[in-house]
């Protein structure tokens, strides 16, 4: 044991105050159930329980830059097994949202995809899968976009041929205006979103 | 009493099929001279029992010998009242069920058991309980006025008895009185300690007499008949009591022995100091009197550490969580760090661990490397196991060391005594450390006037606890019980329950003693040892070997028995070389006669004979079990149950060997650290004694292998056939006992 | 059933396990009349199913033997097996209790000769061994059964099989017309010592108990190790009867878990360590891994932890195992978890897995009974304003044998106080 | 029985065969559907990247409020992602009064309020508990004759609430399959996640997950895999080529919706009702063989 870190309670406080479900991490007893339940555990820098103990220790950069927080598939396996009843998924999503809002895009593709997803909802109230993919592929600029689309083109054509793609673009829902003002208000008054 | 014996042979359960009953009857009437001898196919049935009852009524039978099932069963069916002697001969389990039917050897086995049983019945005398001439007291002395002592006193008072409570401080309360709050059932939140109410209740109860600033100068006598000399405020008062509860509690482990800055850094305190500070008001830093903000608790400060206290003190996890709650209550912004090895919030107490987590306490699994002071604040270097790093926890205002409990019975220094010459480990002056299980080990509290020392023997780490899982109130001094943290480390709620239990035992002791009835484990036994003092040689073996310190000594070395201290194990009877100690229904002579009753065939018959002396609590039931499972073994072994192997007298070895018995087996309980002998030392003493006998055997030119001691547990019945058959092989190899037929 | 004599000075102890037996004996030996009732056909309760106690590794039957002898000798205790409380009414010092006696179909005439069992062909799952083996439908519950008397399973009553058994009995001890009866008791105080039930491990579905044969509970392990168990004391894995070489213990299987039992069951850590010694005694080469969250070995029991830790064949890993998967071909079990000390992923295969399942209190839930206070988990709590019915042992908290006995001793006194007050 | 059918965005596009088959099957079983007027997207599981928790709650609360305003029917959400989003918000609002007030203060922007009176249901729940396997069996005219089906449950259709089935060892889909006379094969990975909503951005990692699932199903003898989620269907079906390429496997197993199997077993039109032609890996032959066509 060589590294010398100093415990710093300020990050934990920051998380409790600003991250959706952030205060839930207090209940963690470090059993390791979440780590072993995760389908993508092998690819994570740190399993959830370690993220939680790092928050308690005040390792802000390590936590917000951890790929784990954006790698959640939302499968709820860890959550249903957590013996302390911690909504692990909500915490991970909250942390991801918080990190993204701070401009940290450790898993950029996911961040971009999720943001595009949300923006489309904001725009029309619904998701148009085809439009979403297009936006997602081109989010990094035209060149990568073309490359990515080409990779996926065959699949797109197949789906189109099998009638599994909507041809007409999604129309806005009728109440889109009021929905937007609702969402604006929620973003302003809710946790973790105030800084977006 | 003029004895009139009758023998009843049950032929049910396969006995009749296995044995020639008529010849057994013939043996009884013709050879053994039993005046009445009957058989019945179902003796335990109503008809069978009526047959016996009729003989009692019509024939004046008062000594009933029943040859049938094991004495472990049908005890109630064959109970004909306290004035009748009942002897059970185990023909079912230990003959019919474990031997081939209708064989000569099987029949001989049954015949021997008949001879032995009749001999025993003949030697048994009716019992009368020991009742002292003095008046018995049923009051109970409690030493220690903390939560356990006060609770015990109240529980006793509520049961309509009188309690005498002695406290060394000037007021009752102990640690409970110094506490701010309590965390107890249902472990959701802190509650009031209730100390004030408890003290008031004790002080106001008419059934409780309280002595404060008082100590016990001397306790003499025996259960039911104790006299306690209490020094209170310089006066000496005498109280007669029936039993005693030691509830002298604990002291915190000396934190200055730990390398955690205590005594050097002012803001490092113990959990006891923390509690007292919180109870008085604000939690502040001793260095500058400022209110604390960040507090770090060091769990297992000294506990679970082979260098300090190897055991877990069990209350500290909860105590620290409680004190962390005080800190939060004082300042919700405060941060508590709890550095632990394992969080041990057992049972429903887990709820309070969760509560502490909800409150935001920070838990760090690991161990402290260093505590430093700089700029008025403390920084604590810790190996954080789960982070896998050495970390610094800085800006700490106060470090609380969760120190463990040391029983008040633990001596500051282990006392030394003069050892007999040539003792291993003695120093130049011949002094040696007293063993923890000696009555001379523990720190002064009771001052018993006992030959084996003034205090309760301790078990380990200075706790005078019971060694028995099934019998947690067992102590090695009859009628003296321990309760609370002196017995083992425990939290308040458990100390209260423990006190109630000890009170129960103390009340029970007064009842039993006054009726001349034995206490556990031979509860209800009214037999007691009688000493034929004319033949005593003052060898002191009985006074030394009694596991319960029951026998005192006069200046000349004569034993002074205290029947109400006695547990009736017979260890003294086994110890006595002069055979002067006997019970009315259990004596050296009686067993000797049973041995003599065994018919030993001539050498050329090639039918060896072995006697197995077996502990009646464990080995005997194991043999029954083996028989119930219809296991089989050599028909040449005769079992003699004994109260405890500690009661075997070496003269029996001589009796047996001189009669031509080929081998002796001794089946007793496990001894050593995890001993199972319910008379503490009985089985161990037996083995020691037998160790000496082999020298004698050598001198007689008899092989030492003819006498074998084996440890056996009650569930070891699967081993019975092997044990016996292996021993028989040994005997076969050794050949017959040359003293046969002398 | 004849009238059972009792008065408002009599104590009723419900539950004939270690706690109940202790409460009954302690009170009786202090001179009080006690009636003890037990729902099983034998006394002794859970401990009769244990092979050994921690930390001494001694057999429970040793202490039971002493207690049974105390009971045999003490006329103040009367006990009833196959008995249950149906109703309680009244108050401290004057309770009316209705006791139901379930039929044993075997009378006091039984000599335990075993002839009925010899002729009986029907076999039933052996409840004493958690169904790991079969016994005859007329049987002695176990060799140490007290009272030592056979019992007939109700499932064969009314069949030819039952008649065959009856005909085989030389002592006319089988009564096939025996019916459940009830009787009323007047008692002054009640000690409720009904003990506990092992938590149903099949509820923890990701451990596959009930689906995977080689996943067993700690109580089943006790039976496997016991000389009177289904394998005569040889620890063999259930799927194929093979000897075991590599065994895992999963601590807190259900306990300390909001989804199952939020409380800690108190004894499981030590029980698993104890069971590791069973394995080590039988298999000198057997590897044992104990997966835990916190090791909870209170007071001097820490010594036992220290002792087991010294065994190099026993490994302690801080991890809550997240799942068990069975290799269908071999019956071996793959355990997955995270070693939280090292952060390493655990994927380990074992021959057999023992789930350290916790205790669920058997609480006072009768259709008609005075209210007693209970906590949210069903454990009885002491309510100073509601005296007369006292919990003893594991109905109050999950606890080991010594503490149960200690507690039961205290409960006996409290019951005595109740009758003293009246 | 009347229900709201909240089919969500996917069922109009990649999950079209789900919606197409679901409707005739459910109608045959006597269910009637109504659409929630002017519904919006549920937010799925990835919108946290762009929105905070409250916004996502509001999104779902709006749908619940719109439904509640119209009628007191249970909402059926066939898409697992829609289901979990909606049921989660519903539970939270029902259980937490201050949250309800907070959400309603936002819904008030459009004069809406949600009182928590609606129940959100998964289609499996309704089929199993409201309709029942006995009723379903009565509609089976073309039993699947022991067709070995891996009933892939995935994650969000049961977790975390487990309202109608075990979260650790779900059995409902298998029981429904049995009602069609199919033979569900046991396979441990039936509850492992396929990558769900982050499949696209984390494709490299998620291909491995899908491979494991397919492998487990196939090695336990499955001839076909059924699902109840458009994302599962998509991820399991569309990437088999890539998986084969990446891992050297040779998967070519049809992925169908449970409702498609029901339509087939109910003897309905394979194209119009079962919508099998929308499947990229054609299931027709296997299914025809099973029903003996």
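Note that the chains take the letters A, B, C and D in the order they are written out, and that residue 1 is the start of every chain.
Keep in mind that, in the parts below, a contact is a pair of C-beta atoms (placed from the backbone, for glycine too) under 8 Å apart; a residue touches a chain by one contact, two chains touch by 3 or more.
If you're wondering where the values come from, they're calculated on a predicted model, not measured in any experiment.
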Shortest contact path, subunit B to subunit D, counted in steps: 2
Pick the chain whose C-alpha centre of mass, unweighted, sits closest to the average of all protein C-alpha coordinates shown. C
Name the chain pair with more contacting C-beta pairs, choosing from B-C and C-D. B-C
Cα-centroid distance, subunit A relative to subunit D, in whole angstrom: 22
Distance from the mean Cα position of subunit D to that of subunit C, given in whole angstrom: 45
Calculate how many whole Å lie between the centre of subunit A and the centre of subunit C, each centre taken as the average of the chain's C-alpha atoms. 49
By the touch definition above, subunit D meets two or more other chains at residues 168
Counting only residues that touch at least 2 other chains, which ones in subunit B make the list? 343, 354, 386, 388
Mind pulling the residue numbers of subunit C that touch at least two other chains? 206, 256, 294, 340, 343
Each pair of chains that touch: what are they? A-B, A-C, A-D, B-C, C-D
Considering the complex alone, what residue numbers of subunit C touch subunit D? 204-206, 211, 325
Touching subunit A in the complex: which residues of subunit C? 206, 252, 256-259, 293-294, 318-323, 336-340, 343, 345-346
Which residues of subunit D touch subunit C once you look at their complex with the stated criterion? 166, 168-169, 188
Contact footprint of subunit A on subunit D as seen in their complex: 9-10, 12-17, 38-41, 43-55, 57-59, 62, 84, 102, 106-107, 109-110, 154-156, 159-160, 162, 167-168, 191-193, 195-198, 200-202, 205-206, 209, 238, 277-280
Contacts from subunit A onto subunit C in the complex sit at residues 29-33, 35-37, 41-42, 46-47, 49-50, 80-85
